[in-house]
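What follows is one structure encoded as C-alpha cells, with my remarks underneath.
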Amino acid sequence: MNNKVVDSRISPVGHLDALSRGEINKLLKNNQGNLYQLFRSCALAVLASGNYSDDGKALLEQYKDFDIQLLVQERGIKLEVMGAPAEAFVDGVMINGIAELLFSVMRDILYGHEKQSFPCANSEQATDAVFKILRNAKLIRPNIEPNVVVCWGGHSIRREEYNYTKKVGYELGLRGLDICTGCGPGAMKGPMKGATISHAKQRHTDGRYIGLTEPGIIAAESPNPIVNELVILPDIEKRLEAFVRVGHGFIVFPGGAGTAEEILYLLGILLDPANEPIPFPLVFTGPESAREYFQQIDDFIGITLGEKAQHRYQIIIDDQQQVAATMRQGINDVRAFRKREADAYNFNWLLRIDHDFQQPFEPDHQNMAELKLNKDQPAHKLAADLRRAFSGIVAGNVKDQGIRAIEQHGPFKLQGDTAIMEPMDKLLQSFVEQQRMKLPGTEYHPCYQLVK
Amino acid sequence: MNNKVVDSRISPVGHLDALSRGEINKLLKNNQGNLYQLFRSCALAVLASGNYSDDGKALLEQYKDFDIQLLVQERGIKLEVMGAPAEAFVDGVMINGIAELLFSVMRDILYGHEKQSFPCANSEQATDAVFKILRNAKLIRPNIEPNVVVCWGGHSIRREEYNYTKKVGYELGLRGLDICTGCGPGAMKGPMKGATISHAKQRHTDGRYIGLTEPGIIAAESPNPIVNELVILPDIEKRLEAFVRVGHGFIVFPGGAGTAEEILYLLGILLDPANEPIPFPLVFTGPESAREYFQQIDDFIGITLGEKAQHRYQIIIDDQQQVAATMRQGINDVRAFRKREADAYNFNWLLRIDHDFQQPFEPDHQNMAELKLNKDQPAHKLAADLRRAFSGIVAGNVKDQGIRAIEQHGPFKLQGDTAIMEPMDKLLQSFVEQQRMKLPGTEYHPCYQLVK
Amino acid sequence: MNNKVVDSRISPVGHLDALSRGEINKLLKNNQGNLYQLFRSCALAVLASGNYSDDGKALLEQYKDFDIQLLVQERGIKLEVMGAPAEAFVDGVMINGIAELLFSVMRDILYGHEKQSFPCANSEQATDAVFKILRNAKLIRPNIEPNVVVCWGGHSIRREEYNYTKKVGYELGLRGLDICTGCGPGAMKGPMKGATISHAKQRHTDGRYIGLTEPGIIAAESPNPIVNELVILPDIEKRLEAFVRVGHGFIVFPGGAGTAEEILYLLGILLDPANEPIPFPLVFTGPESAREYFQQIDDFIGITLGEKAQHRYQIIIDDQQQVAATMRQGINDVRAFRKREADAYNFNWLLRIDHDFQQPFEPDHQNMAELKLNKDQPAHKLAADLRRAFSGIVAGNVKDQGIRAIEQHGPFKLQGDTAIMEPMDKLLQSFVEQQRMKLPGTEYHPCYQLVK
Amino acid sequence: MNNKVVDSRISPVGHLDALSRGEINKLLKNNQGNLYQLFRSCALAVLASGNYSDDGKALLEQYKDFDIQLLVQERGIKLEVMGAPAEAFVDGVMINGIAELLFSVMRDILYGHEKQSFPCANSEQATDAVFKILRNAKLIRPNIEPNVVVCWGGHSIRREEYNYTKKVGYELGLRGLDICTGCGPGAMKGPMKGATISHAKQRHTDGRYIGLTEPGIIAAESPNPIVNELVILPDIEKRLEAFVRVGHGFIVFPGGAGTAEEILYLLGILLDPANEPIPFPLVFTGPESAREYFQQIDDFIGITLGEKAQHRYQIIIDDQQQVAATMRQGINDVRAFRKREADAYNFNWLLRIDHDFQQPFEPDHQNMAELKLNKDQPAHKLAADLRRAFSGIVAGNVKDQGIRAIEQHGPFKLQGDTAIMEPMDKLLQSFVEQQRMKLPGTEYHPCYQLVK
C-alpha cells in the first residue's frame, strides 16, 4: 500500500512543562526498557486522525516507516516525525490541533504509563492515580463551574445518527456545556462539531473538547483535532473512571458493544447502594431510527439488572433541545449537591467505585470463560461482569491484542444463566444486524460464542 | 401574526468604550432629532438573525412592539429590549454573540450615522471616513498579518451551493485565513461556519468573522451570531469601500443581482489604470451546478467590459482546496507588495477609488433612467454605471425604500446600447429562472424594465 | 552646553490605534499649518524626564537639534528621534516607559489639540471635550471600581517631604488605590514610587499611574516613566477638570503657587451650592515640618473663603496610614453615592463646574490686573479669581510664554481688598522664604507685585 | 510578649493545582505522620515577613497559638489561619503577595518534603529532584530568555550597603534582568525593590522576583512579599543547587558567614575541572565602605584556593552601572554558550555538581570536627569542606537546631592546617567586628572555636 507521507519538525504547542534529562531518555528510541514503542504507536494514531479504520493492527503496518524523535534544544524539545500520514498536514505544515495532541501523548506516556508509576493496591490509590494523571494533563482545573457532558456512542454510526449527535452538541453548546468523549469519529466527533458552532455563537471561547482514551483503543478511535484536551489513560479501567469522575452529565448515543460496555459500567457503579444519593444525569438518545435500538437495550437492562437500574437513566428520542435542557437541569442539581457536600466541582470524589471495577480486566480466553453471568449476586456485581464480557468483545473486534488472540484461539466462549445469555444473544445479534460491530461495509465475523 | 417575544436586560459584551452623556442622549427614544429610530430598526434586524426574510418592511411590521432602551448605570450602560424575537435567546438568556452584535450596532450608529459626522467632499475624505468608522469599530488592528478573505455571493442560494461555501470556508480556515462577508445567510454564513471548524482544529482561537453591512440591507441580511466583528457602515458605497480596503483576497460565490453589483463594483475599481499594478486576488467559484452561472457572468463581462476585465479574476469550479490555495498564494503576494510599498497591512490605502464610486447612489426612478449604459466611455466608468443599475435592482427587490418606490411608480426603466442591454437582459433572466432574485419559493415580480 | 544625545527608531508601545493618512500628515514636519512644532516640544519634554529644570524655555534651547519624525510602514508607524537626550536610553535602547509616553503624546496632540477639534461654547460641551479626550486616551475604562487618588503638591519639595509622599503612596497602594498626578518630579513622583512597591506586594499588577499634563507645563514637569497613562490635555482648564472628573479622592502635599492654584480651583467648585451633596474626599498632608505650611494655607482660606470652605478638607500631619485609611473610606462613600445616583464610576458627571472655570485664562498683564480679588461676590466666584491669580504667578515662574511676558513688561500687578491682599502677600512671602517658588538653590525673582 | 494577631480565611492566590484527597490528608493537623508541623512553621515564617529576627526559635515561641488549617470546598481548598502576625494584613485583609507565598509553602511541602519523595542515590538523581521540585513550582518555564541574576549577601547589612543593593537592582531591572535571592531582608530584599521600580519603567510587567529557601532558614530570612516565585527546597544543598542551575548571572554583596558559605560553594563547583569551559558570570560588589571586606575575602580565597579560584570572579566597588553591564554581557555569553551546546536556557544541565556537594551536611559537633581543612586535596574538595564549615557556623548562629546544639554542647570545634586556619580566623574575626554575624545591635557569642 502506498501512502502519502510527510517528514516534519514541530515545536511544542499547548502548555507543556519542561522535561528533565531523565524523562527525555525514556522516550528515546535506542534506550533500553523505555517507553518509545508505546509513544510511537499512540503518536501514529493521533497523526492518522482522518484515517478511520477499526482494525488496530492495520495502522502500524500501513505506516511501517513512521518514526518519531525528540530533539533537545536550548528552549526545550521539538519532535521530529518521519513518514507521517499526509492528512495531518496542510501545505506541509502540521495542523496545530494535531501537533497539540502529539505533545499530549508525549506528556501522558511519560507520566502515567510506567508500571511502577502508580501503585493501585486499593480503591483510594487507584482513584488517586486517575486524579493525578488528569491533573498532570491540566484537566483538573481549580475554578470551574460544572459543565462537562460526557457523550458516549458508536464510532461507526450512520449518517443520520451522526447528524443527530451534531444537533445535540449544538444545543449543549448553546447552554454553555462542554463536551467530553472517547475522542474518535462518529458519536465522539459529532457533539464536538455541533458545540464548536454554538460555542462560537455564545463567545464561549474557552470551550473544552475533552478526549479520554487509552493505548489499546486510540488506533481505532483516533482523536479528531477539535479535541483540545486529550488524555491517554494507561488502561481501560482508568479511562472509564476518568469519565465518571470528570463528567457532570452523561449522554449515550447509539453504538455497538463498546457502548453497551460503557452503559453497564455506569450502571454497575450507580447500583452500588453507596451511590444511591448521588445525582448523576444520564440520558440515552438518538434520532427516530434509533428508537428500537434503545428499546432493546432498555429491555436487556430490565431483564438482567432490574427496574432499579432502569430508573437511573432517561430515554429521549429525536429531541435535541429536550436532551440539552435535561442535561442543563441535571448538572444544576449536581452543582447544588456538590456545593452542599463540599465535593469538588472538578472531580467526583464522593462516587464510590468498587476496587473490582478499577482492576484491569485482561480479556483472554480464560478470563472471558470465567465471568459470572448469573443472578446469584447483587445487581452491581452482575453489571460488572456483563461489562467485562462486552469489554472482551470490543477487544476481539478492534484491539490489536484481542484480534491476534481470536486469530489464534478462535472466538471467546461466554457462559451463564439462560435468563441472561438469551437476551444477551438477542442484543448482540441485533448489533450485528444493524452493522454496529464494525465500520459499515465490512463483514462481521463474531469474536465470541455464547455457551447457553 | 403571533410571534414569540422576550423582554430582557443585557450587559455590555465585547470591548465597548464608555459613552458620554451627550452620546447617550442621541439614542434616547424621546430625544428630538436623534438616532433612535435607526438604532431600533438595526437592533431588531440583529435580534431576528434566525428569521430570514428578504422583505425589508416585513420585519418592522412583524415586531411592532419591539423597543430598545439605554439604561445608565454606575458601571456604564445596559440595554433593555422589549418584545424581542425569541430566537435570539436560549432559556431566556440572550445568545452572547447576538448581544455583542447589538452593542456593535449601538456603537456604529452613534459614531458614523449622523449626516454631519464625516464630510466627504473628495475621495480622500470619503476614504478617511471609512477608515475612521472601521477603526472606531476596532476592525483596523495595529499588528496583523494579511489574512482576510472577503466572501461574496447570494444570501438565498441552494443547499448544495451552501454546502460548497462551507467547504471553501473550511479550507480557508485550515490555511489560517479569516472570513469577511456581508453577514447574512447563504454564501455569507457558510464560509464562516466552515472556517469555525477548521479554526478550532488549527487552534486559531482569535478567528475573525467580519460582517460589513448598512442600515438598508441589514434587515434582509441579518448578521448571523458567528460574526464577531460587525460594522454598520452608513451607506452602501462606504460598505463596498470597506470591503475592498479591508480584504486581502476576494471570493465570489453564486448569487443574484447583489452579487453582480459587487462584481461590477470591483471591476470598476480594478480597471482604473491607476490600480493596474496592485495585486488583488479574485476568484469566482461554486459547485459543479454553478458552472453555467459563472459562464454567463463571464460572458457578460467579456462583452461589456472586455478581456482586460476578465483577466482580473479566475473561475474555479468545484475545487475548494484549489480555491483556498489560490487565495493563500494571492494573499502572500499582497503581503509582499504592501511590504515593498510600505502600504498598511490592515487597510489598502494605495487602491485608488474614484470619487464617483464613493458617492451614494439614490436608486430612484430618475437616477436609474439616467444611467449611461453605453460603451462611449472608459470601461471603468461603464462598470460604475452597470454597478448602479444592479444596485437599484437590489433596492427594488429587498430594500424598504426601494420596494415602496416600485409599489408607487412601477418598475425602474433602464436604457442603453443594445450591445449592453441584450446581454444584461439575458443575465437578469437567467437570475430569475435560477430563482436568484428572491428567497426560493417566492414568486419574483421584476422591479425593472430594460428599454432597448 | 554639550549634551549627550542619541538617535533612535522606536516601535509603537502600548495600545495604539492605527493612524489614517490624513492624521499622519498633520504631524509631518514639512506640512503647513500642522501640529509638528507642538508635537516636537512635548516629545522633547517626555524624553528629558530625568532632566528637571523649571525653566520652560531652557529645554528647547538645550536640545536645539532635537527632531522627531513619523515613518510609515506596512505594520503601522514608527517614530524616529534624532538628537534625543541620552538619559531616555539604556545601552542605546529607549526605556520602554518613555517610548510609551512618546506615543501617548502623539495620540493626544492628534486628537485634541487642533483649535476646531472641540467646540466648548457651554459647560456641557467643555465637559464632553474633556471626556472624549480622556476616553480616546483609554483613561475612561468601562468596568472599574473607584480607586483613583489624585496627588497634588510641589515638584520642587525637600527630601523629607518627598520621602513622606513615597510613604503615603505606599500606604495607598497597599489599600488597592491607584495614583494620579500632574506627572513631574517631587510630590508627583513620590506617591507613584511608593505605590509601585506596595502594588507589587499586593499583586495589583494593573496598577494605574496616571499623569495629566498640558503643553505649557510639560517641559517643567516632565512625566516620569512610571506613569503608564499619560494624557496631554490641550489647556490648563481642561487638565484641572480632568483631575476632578477622574479622581475619586484627593491629597494635597506641600507645594508652591501651583499647589495653591489647585486648592483654590477645587474649593471654587466645591463651594458651588450645586455641589454641596457630592462627597469629595480631600486631605492636605505632609511630614511634621510641613505643619506650619498647611496652617498658613488654612488661615488664608479661612480669612478669604470662610469656614464653609475649611469644612471641605481635612489636614493630617505626619501619619501616612491615617491619610490612606481616610482616602479608602472616603472613596467607599464616593462609590456608594455614585451607585445610588447611577453616576459613572469612571467620570464624575454630577459635579457641576461653572463655565467660568472651564474657559482658558490667558495670564497676560491686563487680565491679571483685572482680576476681582474682593469679597463682593459669592465665595466660589472669589475662589475662581484667586485661582487665576495663582495660575498667572505659576506662568510667570515657569511657563515659556509667561517668562517672556515678565521679561518684557515687568511683574504682573494684582489688586484687591486689603483683607485679601494682605493674607495673600503673607502667603506668597512664606512660599518664597520656604523656597517653594523655584527649584531649591535658584534665587527667586518675583513675577508679581501686589497693589494693596 | 503581646503580639497583635489576626484570624482569617484566605482563598488560593496564584496558579495552584487542585489537591487530591490524599494530599490534603497529609497536611491535616490530626493526621499521624503527616507534614503538618513543617507546614505550620514555614507558614508562620512567611506571615512574619516584616518581623525580622535571626533567632530561629524565637518566632515559634512568639506565636505559640498560631494555627493553620486546610478547608475543603467545592471549588478547591482554602486556608484558615488563626493567631497570625498582624503585619501580614492591611485593614484585616491579608496582603496578596503573602497569601501567594503561603500557598507556595503548601505546594512545596506537599511535593518535595517527604523523605521518600525523591531518591538521591547519585548526582543525576539529586539534580533530577531539584529540577522536578522547581518545575512543580512553575519556576522552570518553557520559553524564557536567560535573564536571572542571583543576588547573594547578608540579611543584616548596614543602611548604606542596603541602599547600594537597591541601586544595583534598579540597574539590573533597567536591563531587563530578573532577580533571584535567598528571599530575606537586607541584600536579599534591596535588589528586588530596586528592580521593581525599573521594571515598572521598562514595562517589564512579568518581572520575576524569585526566592529560594529551605525550612531551616526560612524563619530567619522570611521572604518579603515582593517575591513572586517562592520555592521551599527540602534542604540547604538542594537550595544551593537550585541557585546555580536556575541563575544565569551571580552577584555577591557583603554579608557574613552565610555569604562566605555561598561563595565557597560556588568556587567548589567552578574549580571542578569538568566545569572549566562553562561561562558563569560572577561579581562581588558593594559600596566604597565594603572595599576592605571584599579585599579580605579575596585574600582568603587566594591563600586557601589559589589564583585559579580568583579568576572565576570580578570585584567591582561602588559602580552599579558597571555591575549591571557586566551581568548583561556575561548573560549574553551564557546564552550563546547554551545555544551552541543545546543546553536549556531554564536549567543549567551541563554544570557538573559532585555528589559530595549534593549530600546534606548535618552540622553537628562530630561532623564539624571531622572536616578536612587542609591542602592535601584538590582545591574543589577543600572548597567543599570550607563551605561546610561556614554552613555549620550559620546553623549555630541562626538555625533552630544549631542554636540548641550549641546551647547544649558548647561551640563547634574546627581544626586544620595553620595555613588555612589562620586566615579563616582572621576572616571570621573581621565578620564579628563588622557586626556581620548577627543583626546589628545584638552582641555576638561565637558558636565555633578554631583549633589551630
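As written, the chains take the letters A, B, C and D, and residue 1 is the first residue of each chain.
Just so we're on the same page, contacts are C-beta pairs under 8 Å (C-beta built on N, C-alpha and C of every residue); 3 or more make two chains touch, one makes a residue touch a chain.
None of these values were measured; they are calculated from a predicted model.
The chains that touch both subunit A and subunit B are none; no such chain exists. Separating the CA-averaged centres of subunit C and subunit D is a span of 44 Å.
Separating the CA-averaged centres of subunit B and subunit D is a span of 64 Å.
Chain centres here are Cα means. That of subunit B falls 47 Å from that of subunit C. Of all possible chain pairs, the ones that touch are A-B, A-D, B-C, C-D. Here subunit C touches subunit D in the complex through residues 13, 90-91, 95-98, 100, 174-175, 193, 196-197, 200-205, 209, 224-226, 228, 325, 328, going by the rule given at the top. The touching residues of subunit A, when paired with subunit D in their complex, are 12, 16-18, 20-22, 72-76, 124, 128, 131-132, 135, 140-143, 338-339, 342-347, 349.
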